[in-house]
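Here it is, the structure in full.
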């Protein structure tokens, strides 16, 4: 049984070796196959080999040609390549890294940022509470977060996702993420904003192979954007879909840059790394409120140090009926939803019916009676049923 | 050392020797591999947005192929067990082909993981901060690379010994072979644990994932080996005993039966319970909320696997005319089942209930095809070298002698004992 | 049964002699294809959603009435007692008044002006027992009926808090009732929601049959193509 060998004159095909493809290595060589042909044939086969090899090299160069579009900044500098993990950086290392990032931001956006590495405060454990009786689903929190945290606008990265839930269920799969109504809140629905819950037992920290994400002492789960390798295992592991990946280079207009930046929070990220809500630690580790809370018009969001018994969040946990999402996942989130004793008016159908009768169709943004000429609502006009439901 | 370098040089030159079919095959593979490299360069420049992956479906074709190939690599051991544990001497040399295939498959799997990374330039971070033993990905890194080294050693040692006409020393390869048996099971178990350990994805958070992975791998891997050995036999390169095909066929049949049983078990648990946790299974088998892109795929896969299994149970599949198509059906069916039937539905719906479907882009498919082509190229070259060595046509003493009469493996060893060391 | 493995199969022809020269043109065609990239990849190019700074204003929603209270009568701001020290207050409903027509009273059961306003001193608000409070302490008045809400507001769990959570580092600013609620129509108004998610390749997310054109279709363009022009205001 033979291999079909073609470059020997006594080969099975009897073609005298002329049917050899190129590169058979049978030209000169003391350990070449027996019966190597004469010099004329080997020059030809050498030429064949050479042209084929040249063609191959050209093809390889063409294959690699898109790399010429790489920008200088895409390729990591030696300093970046050798940068240590956050937890191993000395203060000098950190200052060098901060200076590098400041220079990079100035180059890209023309703004010299105020960039610091904010350390956690002692004796602080952050907790977020959200009053679902008050959330009206306006999504201002979503966009305030985008404005504060230098997120990519195209493709748009939003850390907060507001879900419109039908009344009567807590099954998130029945929710609608893409509601686009003329006004909110809509009757028969309530609203659940979801962002990173900074879980006390975080599955994302468990699965990261390089420890690029970890939980700091104040409860915030942070990401070192210079350490992440972009494997996206954490994104698969999060039960709240809180983590985002930069599939392409983030695009941020220079006039929308927030120059107040933190190393582990809102400094501009690069493509190929993960990011997520970090409770605006460039604000909160200085004692301020996160951006989503400040913009919330109804005051549905509450934030603070749960270790302080007088804080708003500690009081909420003591006095309100709180719950967490997906408690059975065992993640121990630090984000609690709570509700007041009564329905918000958006949910009470009888009240909504009366309100509809009272409000203009082409309502301005504020509820109004139909002019000053319409019928007034008097206690004696209400049916007993209606009297019972108006709080 | 000089002998080893000469050996490597001879192997390099030998990989360029062949007939017209060989050159056509190698050119085709090279072309596809280069197209894949080109597509990957575009991905480096523009980021992973050139793929079809999104925040909702954050793992796609690359990880699907990775999972499938880890399984195929694990299945190489399925030849090792009958030979070394059941002392089936006739299949002895086929172990090498299985392990060569394992080498190629592991290299492909590692390449797939590398192209999936957002920052492959930070690969070295794995060596500096390694979240072992908590993160299952770190286990995966260790076992896959260990398995690669194990197989490279075993194959390299056996081939080099045959090249030098020496009898391989049992101490140098036998312990590794037994380690490889256990290790092969571990690589696919660890890969399965990557998925089954995530509480956020109820579709994956099931104990049956690991057994199913092993069963489907041990069906697809030997099927691929059947096809490879069939090709070798057909081009007249190597004398493959028919017993090899039959043994492999039996292995494939048993593994596929177990796989179908586990599939039935999973389907029953999902649909009988009918809780909210079954949304992903609903999406896969029936469609969810009007979105049903995967439904034709999974049902075709089940049909292919069933047809292959039925064919394998019939005595006609002892003939290669029926065995080979059954193997092809099985490999394609299992590929679909592992890729589209496992990875993608885990992401649909998202943990917050959003449904975003996934379609691989052309660029992504080119990168994947390129890696497959590169792996097959590697495998072809490895086989191209191994066959002459094992049949005594490439030896240290005589160099490359294609016209020499073939040696059977036993003769090669006897010759070595009688000949110069 | 398997055919006997001993006999080799017939060799097929290995091709014409010039076949080996095909490598060069083959590779060159491949190289040209890759270098000029006629079918390059498509990337999603979602137009960035612009949200005005005005929508993200964090300040109080309303200007609450300060002390001394003033109202605009025919466009002219005037103190309350300027008129009401002269004119007698009436029991007519607002619809029959000639002034204060801009006030819309929709406070549920609370449909009488002098439930809250003091008939004798219009610069102050009237409690149940006849005592009066200035406008800056309106919370005391609201608390009479909305006791539980007032209790929550005192704790900080109702209503908006701006500023610092850490009172050692800065002040917390608690908004008063009338800085969010219009006391005459306190029901919180409806808002137009800001734009929803706009993620890569998410496809048509309108599965409820509305089929309204959504903003949610990121355009797919080839790398290197200029983004198509969007006229202002179109999705």
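By written order: A, B and C. Residues from 1 in each chain.
In the analysis below, a contact is a pair of C-beta atoms (placed from the backbone, for glycine too) under 8 Å apart; a residue touches a chain by one contact, two chains touch by 3 or more.
Keep in mind that what you see is a predicted model, and the values were worked out from it rather than measured.
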item: Chain pair with more C-beta contacts, A-B versus B-C; value: A-B
item: Chain of greatest Cα-centre distance to chain B; value: C
item: Rounded Å distance between chain A and chain C, as computed from the means of their C-alpha atoms; value: 20
item: Distance between chain centroids, defined by C-alpha means - chain B, chain C (Å); value: 51
item: Chain A and chain B, separation of their C-alpha mean positions in angstrom; value: 33
item: Where chain C touches two or more other chains at once, by residue number; value: 6, 8, 11, 13-15, 19-20, 23, 26, 30, 34, 43-44, 199-200, 205
item: Residues within chain B bordering two or more other chains; value: 19-20, 23, 31, 34-35, 38, 42, 46, 49, 54-56, 235-236, 239, 354
item: Residues of chain A touching at least two other chains; value: 1-2, 4, 6, 19, 21, 56, 59, 62-63, 65-66, 155, 161, 177, 247-248
item: Parts of chain A lying in touch with chain B, wherever the complex brings them together; value: 1-8, 10, 19, 21, 23-26, 31-34, 56, 59-60, 62-67, 69-70, 74-76, 81, 84-85, 155, 161, 163, 171-175, 177, 194, 203, 206-212, 227-233, 235-241, 243-249, 271-274, 326, 329-331
item: Parts of chain B lying in touch with chain C, wherever the complex brings them together; value: 19-21, 23-24, 27, 31, 34-35, 38-39, 42, 46, 49-50, 52, 54-56, 233-236, 239-242, 245, 289-291, 318-320, 354, 356-357, 361-363
item: Touching residues on chain A, where the partner in the complex is chain C; value: 1-2, 4, 6, 12-13, 15, 18-22, 45, 48, 51-52, 54-56, 58-59, 61-63, 65-66, 121, 129, 131, 134, 136-140, 142-144, 146-147, 153-156, 158, 161-162, 176-185, 247-248, 251, 253, 284, 286-289, 293-299, 302-305, 311-312, 315-316, 319-320, 340-341, 345, 355, 358, 363, 365-369, 372-374, 376-379, 390-391
item: Residues of chain C defined as touching chain A within the complex; value: 6, 8, 11, 13-17, 19-21, 23-28, 30-35, 37, 43-49, 51, 53, 55-58, 61, 93-95, 101, 104-106, 108-109, 111, 148-149, 152, 155-166, 168-170, 175, 180, 182, 185, 187-200, 205-206, 208, 212, 214-216, 218
item: Contact footprint of chain A on chain B as seen in their complex; value: 10, 13-14, 16-20, 22-23, 30-31, 34-35, 37-38, 41-42, 44-49, 51, 53-56, 58-59, 113, 116-126, 128-131, 134-138, 141, 194, 197-201, 235-239, 276, 279, 346-347, 349-354, 387-388, 391, 393, 399-403, 406
